[in-house]
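Listed below are the structures to be examined.
Here subunit A shows up in two complexes: once beside subunit B, once beside subunit C.
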Partner chain A sequence: MKTNSRNLYLIPYAAWIALFVVAPIVLIVYYSFRDIEGNWSLSNYAHFFTPVYMRMTLSSFWYALLITLFSLLVAYPTAYLLTKAKHKQLWLLLIILPSWVNLLLKAYAFIGLFGTYGFANAFLESVGLGRQQILFTDFSFVFVSVYIFIPFMLLPIFNSLEELNPTLIQAARDLGASPWTTFRRVVFPLTIDGVKSGCQAVFIPALSLFMITRLIAGNRVITLGTAIEQHFLVTQDWGMGATIAVFLVIVMAVIMAVTGRRRRGARG
Partner chain B sequence: MNARAKGRGGWSWANLYLIAVFVILYAPILYLVYYSFNAGGTMHGYDGFTLEWYGEVFSDTRLLIIVLNTFVIALFSSAISTALGVVGALAIHKVRRLQAKNALLSLNNVLIVNPDVVIGASFLILFTMIGLKLGFGSVLVSHIAFSVPIVVLMVLPKLQEMNATLIDAARDLGASGWQVLSKVVLPFIKPGIFAGFFMALTYSLDDFAVTFFVTGNGFSTLSVEIYSRARQGVSLSINALSTLLFLFTILLVIGYYLINRRSGKITEAGARP
Partner chain C sequence: MKQIVRLFASVLIAGFALMYLTSYLNSEQGYSGGNTLTVYNWGDYIDPDLIGKFEKETGVKVIYQTFDSNEAMLTKVAQGGTTFDVAVPSDYAISKMREENLLLPIDKEQIPNLKNIDPHFMDLSFDPGNVYSVPYFWGTVGVVFNPELVNGKTFESWEDLWSPDLRNQILLVDGAREVVGMGLNSLGYSLNDTNEEHLQEALKKLNKLTPNVKALVGDEIKMLLANEEAAVGLVWSGDASEILSENEKLDYVVPKEGSNLWFDNMVVPKTAKNLKAAHQFINFMLDPENAAKNAEYVGYSTPNREALKLLPEDISGDERFYPPAELTEKLEVYDNLGKKMLAHYNELFLEFKMHSK
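Up next, the complex of A and B:
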């Protein structure tokens, strides 16, 4: 390269990386080694490995897994049918549109829908099941989370289905594969990248939800995200909160490494 | 081919499924809109039409100031992060060594995959350490910070699409470095810049978790305000507000669609909580 093409652009960008990517993570690690009086200690980590936090971690993972699984179960067929639909770009736009509505408003809508006299209960009553407690249950938590995450699962899968060469499917059919075999042996393996990045885009945020747990699950479900919020903004025990955050960062790095490089598409 | 082979039956099941998903996705939003006109004051039992809640929204000065804050933050943060992101994309594009390039890209993506709560908490520590007062400034800075990587990701593919001979040609014809940038590179990557700006805008407008951590007392954005009102229970002025926001979102999406139609794909835009 020529001498006058030194990479000057790197200066502001590297400054951004140093200040907002590296420094915050370093600070979180630093705080995780400080106890509540500000002394160096491992007490936060010792605390983290007690049954209370372990149980919370396990239940966070369990809920995140459920949310990811249900999102996948709904989103894959939807994406598949979308690629076959006549006006697919329009359909896609219509399905993505709700994801651009403020998250808080959607959560708020479910408070009304799932409330004691809300639409869901009116429906249950009309089919003879009677009123149920829907809000503040595990079901409502998982349902609302899946609702919110479906577009993030759907987009990467849709993109990878679009990239799939249709002649491969025709070839499989010509060679006598049943539709199910074609799907299992050809379509799904070839779109696994989309599924992976979709799962990644859902699992990591699902692990650290805190707004939905408060509004919809009524503090019944305590996820790691809720615990961080609690420690930072309520009990002011930043050390403990930072320790959980360090754990989440490690989990994120592991998931990133396992699912490989993410593709263009939805954001996490 | 596949669907047609199954005949009309397969086709209609497929459509039924899509319509069901579609209905579930829109039900909560339409529910909010419907009850925003309810004279009864609750989200059940429709007692008649009223515009009372809209009147309440427009006479609530505090709420209007918060709406204004939210838009000011969104516009400033997306403009600044677009500039920074374009510079970042140019920086990454210029790096020749593959390893260094991948390292930069990974660092870039950290703020995209990091959970919002972790970003919020770590920014709170950062701002406290450097002594930035929590409020407008801290919210603006953090919105800029988390919007930069998405702009980079929107602009970078455009830079890669660009033919390097274009730049060589411009240089051979005697263009200065600045002229190459402003007359050749920037016009070429313009769709990416617009897409990045738009995404940054929606990121900022939608963000709740990060803002919630760094907002402090006395300053609030819409998401944070809706959260604290929703925790106190149902109030139909939130419904009225959400109807207005929904209409605004549709306008924004239509605008984005029109801008992006020339470059073709809407799938690249991605979704956003």
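Up next, the complex of A and C:
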């Protein structure tokens, strides 16, 4: 009876995973082996390994790397300061708050801010730098993406810093370690798990960003996400779109495996 | 355990109750069965007064639903479960729907007003003999520009886009057919060209344009051009008329080498329930007076010869939106190039987008 009812409780989870995790992956794998005419073939994969898509893949990785790096650079010190702050829950809430606003609205707001006659340019002009093109540049793309991803990087780092036992830092200082050495040898290694999950939470979605590439980068940055969108919506070449998606799934699995291999207690 | 069962049961009961309630409310308002007509059209693409007039004249109740892309419309019609009686897809979507057997032939006997349509706009490649579709509005692809910022260039020729002093000043609409077609046109080729050499040549030519291209954007192009974010934009004439009405400084021109001629046509999808009312509606919209009123409201170019005569001179005489015959002859409708070629066009377009400045 006991195991019986426990199995019953599992049904919703099992059904959920089967319907929304396993089935979609099976479907994209299935479609990736169908060419544009609907025949079975490997042509999509052959096509994927041509210079056009390889260049696109490289640029996706490059931008995702930049976005992750800058998010980390901003999020780590912020999280560190937050754990020291007086009203940390309030500060945390304020940082998370923007993620409650719809992504599209934020993107449109940035079009207004970064536009030729927008706030950013008005500021640049008033300090004597003159109008610059900000919108539709690599800078604006990375900036807006970092802005959007910061909460996802910040939260896991903040949590791991919170869990850090402060006596360890005191002990390091007592033993004569400089603040920098303490950070390098004690704090950072002990929060590396938070950094890893933060990087996963940013890098993986950043690889397949698509809407921001059009709205903020004006399609001057092309990621694999853009190509998937185009194949599904415009060319109706579902096979090719699915092939790129399969590639992304594999890459993500590899990233998860590599960054998640060593569990807690790892030494830096 | 019991609680879970109870929870599920109550959710199901509530669900069915709501379903019943909506169907009850719908029938209260005369939405199911009866004499209704479901029109599926682009947002803000009809003068609402005309719907009221049609309802009064025929006693048919009109349900007006909107879509924002041909693809979305196609999917909804193909999926079934809808009762659209009249839809207004664009040319290439019509040929796709025709191939996929999603359309019903139009009974021309029931549409006497068809005679008002300019024969130039009939019998085109996407629907030979107009078996399935009747023109609603038409337009071109051209250049919107700010005369103050382009050093006296007129964009009579596509070549003007390539001038070095327009660095970072051009916005392009994010459409493979439009941009690759522009490249082909600028070289004097047809925008339906499938010759690989010509296509590669067009790509090379387009790649040279990259320093001038500020961005490739979707619908935002209207807002960006009206706000003078860039001096020049490649757009559909429909968007152009909206941009011009928001910012009077700007101008629109169709370059003389030729360009695209596009159509939004009325069709009767396979899902239609009220065929009689559908034909009544199409005939109603082709009536010169109604078509003129609609053209004035929407601001697009009407294919209706008789309606054009009723329009005020400043609209019908506007050569930007009603180009003279010698230019119209150079305009081409997009042929349905087949899925494979369309995919190739999109690939070229992707390559162009990736070409760095």
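Here is the rule we use: the second predicted complex is superposed on the first by the 253 of 268 C-alpha atoms of A that agree within 3 Å, B and C clash if a C-alpha of one lies under 4 Å from a C-alpha of the other, contacts with A are read in each partner's own complex, and residues count from 1 in each chain.
The rule we apply is simple: a contact is a pair of C-beta atoms (placed from the backbone, for glycine too) under 8 Å apart; a residue touches a chain by one contact, two chains touch by 3 or more.
Predicted model only: the values in this text are computed from it and were never measured.
Participant: In the superposed arrangement, does A:133 touch subunit B (first), subunit C (second), both or neither?
Facilitator: second
Participant: Identify the partner contact of A:111: answer first if only subunit B is touched, second if only subunit C is, both if each is, neither if none is.
Facilitator: A:111: touches subunit B and subunit C.
Participant: Which of the two partners, first being subunit B and second being subunit C, lies in contact with A:37: first, second, both, or neither?
Facilitator: second
Participant: Taking the superposition on A as described, I'd like to know which of subunit B and subunit C A:24 touches: first, second, both or neither.
Facilitator: A:24 contacts subunit B only, not subunit C.
Participant: Name the chain, either subunit B or subunit C, that contacts more residues of subunit A.
Facilitator: B
Participant: Let me test your reading of the model: by the given contact rule, A:122 touches which partner, first (subunit B), second (subunit C), both or neither?
Facilitator: first
Participant: Check the residue A:74 against both partner chains and state whether it touches subunit B (first), subunit C (second), both, or neither.
Facilitator: first
Participant: Residue overlap on subunit A between the subunit B contact set and the subunit C contact set?
Facilitator: 5, 111, 115, 117, 214-215, 233
Participant: Spell out the part of subunit C that touches subunit A in their complex, as residue ranges.
Facilitator: Counting only subunit C, the residues touching subunit A are 1, 4, 69, 71, 168, 171, 174, 176, 213-218, 220, 224, 227-229, 339-340, 342-343, 346-347, 350-351, 353-354, 357.
Participant: Taking the touch rule as given, give the residues of subunit B at its contact with subunit A in the complex, in rising order.
Facilitator: Of all residues in subunit B, those touching subunit A are 1-3, 14-15, 17-18, 21-22, 24-29, 31-32, 35, 42-45, 84, 87-88, 90-92, 94-96, 104, 107-126, 129, 145-146, 148, 150, 153, 157, 177, 202, 205-206, 208-209, 212-213, 222-223, 226-227, 230-231, 234, 238, 242, 245-246, 249-250, 252-253, 257, 266-273.
Participant: With touch defined as at the start, can you tell me which subunit A residues reach subunit B in the complex?
Facilitator: So the residues of subunit A touching subunit B come out as 1, 4-5, 7, 9-10, 12-14, 16-17, 19-25, 27-28, 31, 74, 77-78, 81-82, 84-85, 89, 91-113, 115, 117-119, 122, 147-148, 150-152, 154-155, 158-159, 162, 166, 169-170, 173, 179, 200, 204-205, 207-208, 210-211, 214-215, 225, 228-229, 232-233, 238, 241-242, 245, 248-249, 252, 256, 262, 264-268.
Participant: Give every residue of subunit A touching subunit C within the complex, in rising order.
Facilitator: Where subunit A meets subunit C, its residues are 5, 8, 36-37, 52, 55-56, 59, 111, 115-117, 133, 135-136, 214-215, 217-220, 222, 227, 230-231, 233-237, 240.
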